[in-house]
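Following are the structures in question.
Next come two complexes built around chain A: one with chain B, the other with chain C.
Let's turn to the complex of A and B:
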């Protein structure tokens, strides 16, 4: 945030007012940028002090394994939101990817995973073409997929859930490498890749440019359409990866429930992490922290015997609070 | 009342002020106002189809279904379609108002559930509290959401997403995590309003018709209703014109909350119980019906007649699927999703056809 410098010739009182506003903006900007990390830290310290067995390795492992799929999905949604779009289809894509696994497991685990990921890519491609080439609003384009894809996933398995008995595949969900669950490793690697994409590549700069001002991006000669399609494609791919991992973790494909309401969890993680819905900014690390924060909040409330209803209300309060401290940005633009 | 479509990043509902800026800074948009658009025959057809497409499509589907399925055009079947549409219809009226004003309301499904729980709980004190309590609480939720959005400039998508979680949490908390189910006496006046029939049609259908008529009059014939179009069309222009933009937005969310509560109460009266898990995903159905009805998500344009047609279209299509003999929900989901995709693609193409000349 670059605030304009105070012109020297301003009268003292006016200059004071400007300075006051600048320092306030800086304070708010600080909360906006680092608030999620501070909140996460506070929560962790609270848990170490007040929750028995919180720091136990088993508990930490469970928390990370549970949050990994949300985190992976949220990485894709963060990129989409960076372009001032939204992706509601991610939960249904997870169900689709899960449903494809048992159908193709007979050809070997790699083939099954490849087909599942292709399903996610196809869905993302479809959404991207609707949004970028035809001009459908992202929310409706992906809403159609949300409704339709879960139906497709259920049809693929004949409306049933299917248990998966391949130890080789299930190991993806339950196995560990050097004590770290594979699911968590995959999430961490993907976070690093997406972070690199956004920060260090031309593609990442284009995503942010399109979200900031699509018309300027187009006039500047950026390949807006191609970039948008790629973003939705990546979101679909990441959702499919999350679906595959969750299927392996559950040792079953359950198309009617898998990834249900995941779009809301992912959007929450992204927003709490400080990525504005107005686009033009993608905060990958913030998204990771946002997902972790929501997970630990839920876990804390459950550990302290608070019911599900209070979890939802606390989550609602966190969302409102997060957006309230971020609203400075919207106000400044207006 | 422009019917422009932003080719990308058009998520105006969530974009708030930023989209507003983009809207103004874009030269092409300035020429989009209907007065300046050349009135070529093709454009006129495109605009007509976009505005009136849903009622026409509904008429066609009904006509075809009547000939194809002997069980379709019977009184009982039509009455049952209308009844199934009543709850969603009432909610979709509020959603239409919110979307016209340039916003979105994701909380309606949860508020609907909350309204049902409150109505079932309050029905022990008589029929008046059974309506007053849910309307008051759900209206308050709408008011609070509207205040966050209108006064503090927070994005509607996120505020109402929090509302979705919060209202559902409240409904669960009131019912002891869903373990307590409040019952409505079968012979209560309140229950009669839910499953009573007049001329063979369930009473909630009359409620829906009344809500649509009042909503139409409000939208088309009152200053407050017309102001929704102005705010949705251009927030900054409305501010410059001296319209109370914040209050107008708040009103739309208030009405949306009230109607979701009313629909929830009627459902509780019909099912004679308040269940906190009702209405999951209804916000999406409501948005889908509004969009199918030709109301643009960018705000500033739309019609309740289109929304009514959109709601009925969704329910008629489900009914037709059942007539074919598949009670399979998966098939219903696939067909609904595909139908929605086709409608939005056609609408986007029609909008593009209208705007082509300004290019």
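Let's turn to the complex of A and C:
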């Protein structure tokens, strides 16, 4: 028995109920789509008015540099979540990429960076094959990598952290171009690239279609497996880029702590940014805004001398709110 | 195994009082009546067949009986008293056991624990008494002819044996009524024979069995009573031996077998134009086989020809078109398009060869709800409408506009979400998705199900138009008018096999129903009088060994 899809065919009361539900869904949909921007705007206005030195260039710089790695990682995670998957390995991939830098810095900065990025690509490829070809659940496949890769990273550096003294490399983390920190510049460029990829390319539209209805996508002849593998690969690559930048910023590779819990920050940014965990939609700009929102919330509370525990509780509240407004999506969809 | 006839006599002794009577049950969902005034009586020691097409209300009725749903009206009398089961467990405890089509057991735990799940024997400390449990499980399983190590995890057994475990579990609850929902859908013929043996044991001990299946051969072999549901109402109930197969099918499908002429109520022109033998074959599928679904199906389609696939629920129609479209991997058989063999099991390859499949279930594997009308239409054609992997919205728009106009898709704009459209418009969007690939062969699985009358006529007219342009079409429809008026030729399927073919003037409802019923037709042409009174035409079929061993010449 199929549920009725044509409201006109229902009796009046039922039709009213359907209309009521639709208009409610539309209101919630608006909050879901634009809520993160509104929240960000309100928070910025509040800070301009109430927080001393908020608009000071130095402060803005610090905030942006801090948020950049989360943002980069979240861009990849957003794509994965768009396919109704999840990538928990990103924090460990950052540690791995960081650990590879000091090992290969002797061959020059470009080689070291290339090797680090290849590490991320290999990890993403592995996760993608596990998920798409072997059929392991994404959460399990990437959880295994989360545990395993950090172990590999620590093993590579003998369980130690390693100072990096190459000014050329460290400049990536601390330097600026025309006053804009390189880290921030890279994050911005990557956001634009991923946004273009998702919105305007065949690949991006396939990602969304597969996330929206994998059976329909397969029947329409879409290369489901190849697309999924590519998505995980890109997520690994983006995490590795974040790992390299963070290593340069810290001037050290610290495999035991680098990128720790990053997967959770990234997922938070994605969800707060309005990308549903049920897949079928990737909001790149929303993800950027989500990362910024979480960063500024934290900064605001700290500036106003609230204890860190309160920050965590506010973050939790934002996450719950974001998931709540997405919850209705399921109802509107089916 | 003995025939069912003697048993009916032996059971007749305690037949006088029904163990379960359902009276005037009604159930509505969101304004739609799923069951309307349904009454049914189960007699102890008898097998009662419950039949009906999709949406007839069989599952709803079972769920009402087992306490999953509450009826809006009507009463259920069980074992002499009126009952109201608030939840499935109450029904189970009272002695109504259900064996679902999908086995509802826990694969990873032991066979014995599955049999006793939720009512494990305990020792004095309140812990599970494994020794007693295993011994009892072994005894119960032996009763249904299964001898396995009961400590093994359930999933290490074959599907048929798992089904037997489910039955052992059902019996062990001291059931008085056992409900079986398509218990043979995943069984081998040998296992079916075993199951029937167990059912005979059950009925011999006075248990009433409600048996849901759409395999007619099985029903006539095992059941004594039959109730036919259609659109939520009982259209027939009585002794199955007094109901000829043809009559049973006409009840299920809602056809009066007296009226068998083409009625001209669909938007198809009277199709008799295409001559299938004259042209080069567009599709030539040979020996398509997939375990438990279809076996040895041959199907060919000429350009410009509409070939109907006739059959009841579960006959293998959808499975056949899915196999041709590469959506399922075949065990055997080959598909050729214009003489060239195509690799099976890949939708991309089939699409590349010009095959398009419009699936039966729009929501489950058709539309992508979160995307716009435009994106749903261009989904499969995306690479052709892009440059260097970059989507060109302008080029997509041009194509989408053409098809939205041609198919008269009603949407506020191409950017409207497809999930906001009506069923008929969603269906047109899916048709457009395939048409913009300029396919050669259209496989249409229930293209007009659940869409409004206007859209239905439009879709039908479009299909006829496309065939006139030279496309080959395979049409599946549960509506007989649509199938008969829409098709140049009808291939009839039953139990996953081709049982006959009708073409030209032989395409009539009566001829088709006769083929589907599996009754031996005396005359291949439609007889002037309906064969309503064929005396016990079903009985010979009851002596046949097993359905799957039947050859297709048998008709």
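Throughout what follows, the second predicted complex is superposed on the first by the 309 of 334 C-alpha atoms of A that agree within 3 Å, B and C clash if a C-alpha of one lies under 4 Å from a C-alpha of the other, contacts with A are read in each partner's own complex, and residues count from 1 in each chain.
Basically, a contact is a pair of C-beta atoms (placed from the backbone, for glycine too) under 8 Å apart; a residue touches a chain by one contact, two chains touch by 3 or more.
Just so it is clear, the model here is predicted, and its values are computed rather than measured.
In the superposition on chain A, contact of A:122 is made with neither chain B nor chain C.
By the document's definition of touching, neither partner reaches A:188: not chain B, not chain C. Within the superposed three-chain model, A:144 lies in touch with chain B and out of touch with chain C [touch as defined at top]. Which of chain B and chain C touches more residues of chain A: that partner is B.
In the superposition on chain A, contact of A:203 is made with chain C only, not with chain B. Look at A:222: by the touch rule set out above, it reaches chain C but stays clear of chain B. Of the two partner chains placed around the shared chain by superposition, neither chain B nor chain C is touched by A:306. Of the two partner chains, chain B is the only one that A:152 touches; chain C does not reach it. Using the contact criterion defined above for the overlaid structures, shared-chain residue A:213 touches chain B and also reaches chain C. Once the two complexes are overlaid on chain A, the chain A residues touched by chain B in the first and by chain C in the second are 213, 215, 280, 333-334.
Taken in their complex, chain A has these residues touching chain C: 1-6, 8-11, 13-14, 200-206, 208-209, 212-213, 215-223, 280-281, 332-334. Put simply, chain B touches chain A in their complex at residues 5-22, 25-26, 104, 148, 152-155, 157-159, 161-166, 168-173, 177, 236, 284, 287-288, 291, 297-298, 328-338, 340-341, 344-345, 347-349, 351-352. Those residues of chain A that touch chain B in the shared complex are 83-86, 88, 130-132, 134-141, 143-152, 154-155, 159, 210-211, 213-215, 224-225, 228, 264, 267-268, 271, 277-280, 307-313, 315-317, 319-320, 323-324, 327, 330-331, 333-334. Of all residues in chain C, those touching chain A in their complex are 29-32, 34, 54-55, 57, 59-60, 325, 327, 347-348, 350-352, 357, 359, 363-371, 375, 379-380, 382-383, 386, 389-391, 419, 422-424, 426, 433, 449-450, 452.
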